[in-house]
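Naming follows writing order (A, B, C and D), and every chain is counted from residue 1.
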Amino acid sequence: MIHNSVVVLFGVTLLYISTTSRLGGYVKILSIQGILLFLFSLSHAETLKLGHTLILTFETLVVKAIVVPVFIHYIIIKLDIRRVTEPYIDNFLSLIVATIIISISFVLSVALRNAGAEVDVLTFSISISAVVIGLFIVITNQKLITHVMGFLVLENGVFMMSLSLASEVPVIVEAGVLLDVFMGVFLMGIFLNRMKSTFESSDVSRLTRLTD
Amino acid sequence: MHVYFITVAVAVTGGLLAAIFSGKADENRLAAGISVLAVAVAAAGVLQQCVGVLFGGDAISATVDLGPPLGRLRCELDALSAIFAALTSITALVSIIYITAYISGMPKTSLTMPAGKHYMFFNFTVASMLLVLVLRNALAFLVVWEIMALCIFFLIPFERGKLRPMSGAVNFLVTMHVGAVILAVAFVLAAPPGADMDFSEFSAALSSETTSGTILFLLFFIGFAFKAGLMPFHSWAVRAETEAPRGVSGLLSGAAVNMGIYGILRTVALTGTAAPFSGYAVLCISMICAVFGILYALLQNDMRRILAYSTIENAGIIGIGIGVGMLGRSYGLPLMEVLGLAGALFHAINHSLFKGVLFYAAGAVYLSTGTSNINRLGGLIKTMPITAGTFLAASAAACALPPFNGFISEFLIYSGLLKALTPASGIIITVGVIAVAVVALNGAITVAVFVKTFGIAFLGVPRSNLAGVEPSPAMALPLIILSVLCLIAGLWPEAVMQLIRAPLLCLGVTQTGLIEESITITGKVSRGALLLLAVTAAVFLVRTLLVRTQASAPTWGCGYDSVTSRMQYTGSSLSSPFVKLAAPLFRRVEKRLIPRSADVPGCEPFPTRRIKHASYSFDFIEALVIDKALVVIKSIFERFSWIQSGHTGHYVLYILAALAVFLFAAVWRGTT
Amino acid sequence: MSSAIYRYILMIAVSFLIAGIIVRVKAVWAGRYGPPVIQPFYDFIKLLRKSSVISRVTSPIFALAPSAALGAVLTAATVVPIAGRPALIHFNGDFIFFAYTLAFGKFFSVLGALDTGSSFEGMGVSREITFSALIEPAFFIIMGSMAMLTGHTSFTGIYSMIPAASHDFTQSGFFASIFGALRAWSDSELLIPAICGNIVLMMAILVEASRMPVDDPTTHLELTMVHEVMILDTSGPDLGFITAANTIKITLLGTLITGIIVPQWVAPLAGVVLYLFMLTLIAVSIGILESTIARLRMTHVPQFILGATSVALIVLAVLMLGVRK
Amino acid sequence: MISGELLLIALPPMFAALSIGLKAVRSVAASAPVFDRWIIVAAAAAHLFMTLRLPYGQPVADALIGADALNYLFLLILSVLFLGSALYSTVFIKEMAVLIREARDERYNNWYVPTMLFTLATLSGVILSRNLGLMWVFIEATTLSTAPLILHHRGKESLEAVWKYLFICSVGIALAFIGVLAMTEAGRTIKGAGLSVDALTAGASAISPLWGGIAFVFALIGFGTKMGLAPMHTWLPDAHSQAPSPASAIFSGALTISAFLCILRYYQIFSHTPMIGFIRQLMLVLGLVSLFVSAVYVLRAGNFKRKLAYSTIEHMGILAIGMGLGGAAIYAVMLHTVCSSLAKHSLFLTSGNFLHAYGTVNVREIRSGVERIPQSAWLLVTGTLALLGFPPWALFITEFSMLRQMVTDGRWFVLLMSALFLTIIIYGFVSAVMKMAFSSVEPSASEQPTKRHEPILSTLPQWTFIAALAALGVHIPERLNTILHKAAATLGGF
């Protein structure tokens, strides 16, 4: 029961993130998603071995809910990026697109189940839509920091899918995902602040010199 | 066969040694000497082998196993390859002697690459040409075929700082690559699956009378037509031969075009009796090529461009000969087949001879006067008698005038056409007569072209202060040898026909009696030519006896005494009536350049301004096939320049789009 | 063989008369008495004896050109069947040899003209090569079709197949034989090709020998000349050779025309008489033509010559239909 | 005993640690350029030595890492290329030191050798791993280990390049991870298969086509991003043109094909299932799109290194098309991988020489290469001709056999399109190279080009690679031929 409600809540956060127009909102959403994933992994606790659950809890609670959002918050303040996200298309339209994405992923997962693949429809569709919405956020936003956050939403989607699909995936892959998130954010953070020193602003419009 | 391989190896090592010695200071003579020696030895070896094969000896063959990628290579020097090998080696030898003399006259700094490397690529080209003639394995043939194109590609950009040869070379390489791709497709289609793609296996697929057999033949024909410089694919020949250095142009028009001809003849040999349609196709393409080639030659005023277009015209004539031969074979007219194919082979030999002389003479003119634009030359015969004499002989041969060899080969093609009388179908007769008319028109325009070239450049009064100087004996020697060969082949064609006898058998001609008959035909005609020479000599003798006192006076100017050299007819004015007549065939651009500068000083009272008028025409087929295609491709691709836009967001969008499409396809395929 | 040589010499001699007849007819038509018919012969002898003035500018080619022109025409003459009898030399495809020998002559005479470096001669050259290039296809279509139809490729062979020749009328009288020949002609398939052939050959004479509609031999304004201007600078024996070459060329083409009409079966003497009669008829018609028609504008001459090609194409149509029958 | 494969992966990081350690020691740090050169060459030589001695063909069943014929071939390519880069790097490091002595600009990049060695390690890891999950982790590691290399020049462009490289590749790798997850889900029906390639291939028929299709799509798009297949190629031109020459040579020569190996593993799993038809269609589509994009941009790109990067995309497209054709074309793909990596590697190193001699790689500003740097100019010309598939070099043979496969399968549209794009690429490349090598400064121009000294090591690797290519074009040695055939056999070719 908790399992389904956590997933639904995660879906709601996805919808909300595609409509907020303030960076602070993005950071708060990310930490909420971290917490939801923590609850989600707890609900999977009984099927996993002890060691695995230990890493999972550490991973979701500490990294996704606390460390990463704080780090991003710190970067936003240090680079005093303007607090508002400048998306290419207005919020209302992106909300519609987000709902379309979620509905399509539901259709997809129902089709999968009908074709005989025993898959948990709700979790799979929400995780697929998280991935696609992550990409959508990256596509429709100018600022680099929003790209990083889009990428993190994508990571959360992948993490949820890995839990729901392949519960007995060996530990090293889990560690790999964690490593990916951590290193990605870390490196992007470094480049963002070095970019601040070389470029005047950190929105993506500066980054179009390399063309043909 | 091993001697043949040794000669090819000698040419290659000669090239390498020349390149190695190219670094030193006075390296021109050393490198030149080595490469000339190498080509001479190679030529001697090849000629010895070819003579053995051509006169009675049967084909020498050998198989070499090179392991994985190329597999078993069957090499065979049969009569058809032998005659072309002989031709290539002679042309190569004469060209290398010519190039070395040509380069020694040029300052070292004006070469794009050191002379030694130029010789290296020349030797590699010759070696690859000789190798291509003997290879019978399709993959190895293609490999050496493209290596030959590559080596010529390096020969073309020769003079430093000039950009046009560079683009000419690139045009050449790309055209050859397209030709090679077509050939590759043809080879794969013809080879039965799994076999190691030997030429002998192609004859089954080629000679089937069905449409697939015809389409396959046409693919082979088009693939080789690229190299032969036939009309739609001729732009490389014109560009390369005008921009390459002189010796190389001689090699290009002589040996390179022969490779294309050899390829077409090899296909004919493999095909046996093809459907009439392929014969008609070959004949029609060659007719168009011949007429358009010579018409464009009439427009040009640069000696080398004229000769380049005349090469295309001669390739057309040879194509007509092949077409006649094929039609004869498919309609069951053996004499027409023999005459057509013999005419084609004979003309290939003639073309290599007289075209060589023409290019080397044009080179000698360029070297001594610095330009090959005939409108700025004139009266060169007085200062360059040997070059003028050989140029006259070669142009008479090119116009197929009786005492020279060109007449014999066109005569063979004519009589082949006239033998097209068969009650079977009316089409072949009409095509035959139209072809006769086309070749006649072609001959007449060739006379106009070479009258214009020789007349304007060598005769009359020098139009500018460019006085020519006789080339060094090393350059004059090739000219004399080749023009004398032209005359001998014209007056005693039986010797050349003996050469052609074995290749004809190779081409699948069965009745040897008919070959004898064609030889007697040429014999009789050459007796007539001899008569012409004798009568003219007799009349000239009478004239010298009769003419007693020869007073000299200025040319009769119809009463106007201050005749200047500028009042002479120039090349463009000489051909203007014809050009106006055939105007719709080429786009002429008349430009009247009126500079903004003020009045002309010195004639103040009259308000005149210096007006410069320039008119030039360009080859609209080349413009259509090459330039237009390039423009269209570039404009289409220009529209796709948004892909690399620089925005990270766009890039992720591409990934998402690809993912969505493929995912949808996977699910759609999975569920249905 | 010996009779062929006599007829060859006869033709060379007659050619000077032909030129005289043309001039005489034009004079009579204009109401003048005109020079004697053998005047060209006297001119030829006079020119041979005169000394010549050679321009300083020219090279040996100018000296060679007239001899080459005459030599070419004389060689071409050996191939033509005269007065219904086989030619001096005949072999397969000798009409090609005929055409290309004439081209050899033209090639050198044109080069000779260019050698003098005068703008007038250049003008003549450019017109000459254009017009002669246009008549070549017509001549070849005619001869090619005749060769196809008759199966022979030499002049002698073609003309031996003329229907009048193949029937033996020797025993019947002169007029009966003429009616027989006409009847034989009417039902043979060679009728139309022969007629068109003669028209084309007639036009060829006008073009090659530069007669009236194409070029006015008597004009004195160099700008309008075609052939005369090319020989402005020749003098003495050279001029003689070139005028002789020109007149022989007329008779050559005339002989080709008569070849179709004079049947090969008639007795040699009667054949020769008939041949001479036909030649004078042609010369008179040329003379009349020159007196009545004005010159064509220079730009219209190509259209006139291409007319010859269209006539030749009619023969091609006959060829196609003929074969189908 | 530690297995050879594990040593191969572990060895380079040890050398890197040695390099970092020595730099930490104050007294020795000053002579960093000297010992750095020795370390990288030693590591490369050791890696090649171990690779040649590594037994291949019978990997331990279900082992995490092991060498079968397919990945042994890729390992060979990697170690040979890395040795070439190492030798070139000695010259590169010496010149960097010279720049510092003249205090022209940046300080010595301490991190150059360590990151190169980490890249070698991670690439060996990717190639040797036989477990899809482990392969994914190593691919992830290559992204992170190559990022600092692109940042070598610290200019505006290289910053932008590294940002795009990191971001797009991370997105790609995340999608690839979903592919791995989907494969575990698909492999659930094969009991105890987990993610080991051998088990999955054996039980492939039991995999449900739907999940298999989804897994392959995600893997193809994910690893395709790392491989540089269009439309996921956008990061490649920026990254490869900004990285230093030896590094970009390794990127285009080894990194792209290791991503290609990951895709081949998925291809191998489905090679004997009815799914293979659909997979070949996908590969053909991506191949043709890559050829199209590279044809568009080879004409437009002004910078020669970017042109080379687009030719990398072109060759990846050719590989994809080859796999899409199947049958004999798969053997051609194997040979093509070997030869195209060698050709691209030597060309990137040569473009480094040009960059060093002229200070720019812009085609329009480079003149009379033959006079100033003759060795590199001739290398450029022969290398380009080898890359474009002219005989006698081996790429002609591979493109011919692919063409042969296209004709026998009757795929005329693919043949027409690829022939057209390849011809355009040839036109674009040859005209650029001819301008750079042969077009010369007018004799009257003020400064006449003077011949520069070219160190032997800056041209030796390239000459050996081009000579090897020419040799392969004529005769393939027996040992290599068996490896190629076995590799093709594992993928369902012959």
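Keep this in mind: a residue touches a chain if its C-beta (ideal position, glycine included) is under 8 Å from a C-beta of that chain, and two chains touch if they have at least 3 such contacts.
Remember, predicted model here, so these are calculated numbers, not experimental data.
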item: Central subunit by CA centre of mass proxy; value: B
item: Separation of mean Cα positions, chain D and chain B [Å, integer]; value: 43
item: Distance from the mean Cα position of chain D to that of chain C, given in whole angstrom; value: 79
item: Between chain B and chain A, distance of the C-alpha-averaged centres to the nearest whole Å; value: 68
item: Whole-Å gap between the CA centroids of chain A and chain C; value: 99
item: Multi-partner residues of chain D (at least 2 other chains); value: 163-164, 167, 171, 175, 208, 210-211, 214, 237, 297, 300
item: Shared-contact residues (touching 2 or more other chains) in chain C; value: none
item: Multi-chain contact residues (two or more partners), chain A; value: 112, 115, 135, 138, 147, 207, 209-210, 212
item: Every chain pair meeting the contact rule; value: A-B, A-D, B-C, B-D
item: In the complex, chain B residues that touch chain A; value: 641, 644-650, 652-653, 655-656, 663, 667, 670-671
item: Interface residues, chain B side, partner chain C - complex; value: 378-379, 381-382, 388, 392, 396, 399-403, 407, 411, 414-415, 417-418, 420-421, 423, 426, 429-430, 432-434, 436-441, 443-445, 447-448, 451-452, 454-456, 459-461, 521, 524-525, 528-529, 531-532, 535-540, 542-543, 546-558, 563, 565, 567-569, 573-578, 580-581
item: Interfacial residue positions of chain D with respect to chain A in the complex; value: 133-134, 136-137, 140, 144, 147, 156-157, 159-164, 166-167, 170-171, 173-175, 177-178, 180-182, 184-185, 194-195, 208, 210-211, 214, 237-238, 297, 300-302, 306
item: Of chain A, residues touching chain B in the complex; value: 88, 108, 111-112, 114-115, 132, 135-136, 138-142, 147, 204, 207-212
item: Partner chain B, residues of chain D touching it in the complex; value: 163-164, 167-168, 171-172, 175, 208-211, 213-214, 216-218, 220-221, 225, 231-232, 234-235, 237, 278, 282, 292-293, 295-297, 299-300, 335, 370, 385, 390-392, 394, 396-397, 400, 403-404, 407-408, 415, 419, 423-424, 426-427, 430-431, 434-435, 438-443, 472-476, 478, 481
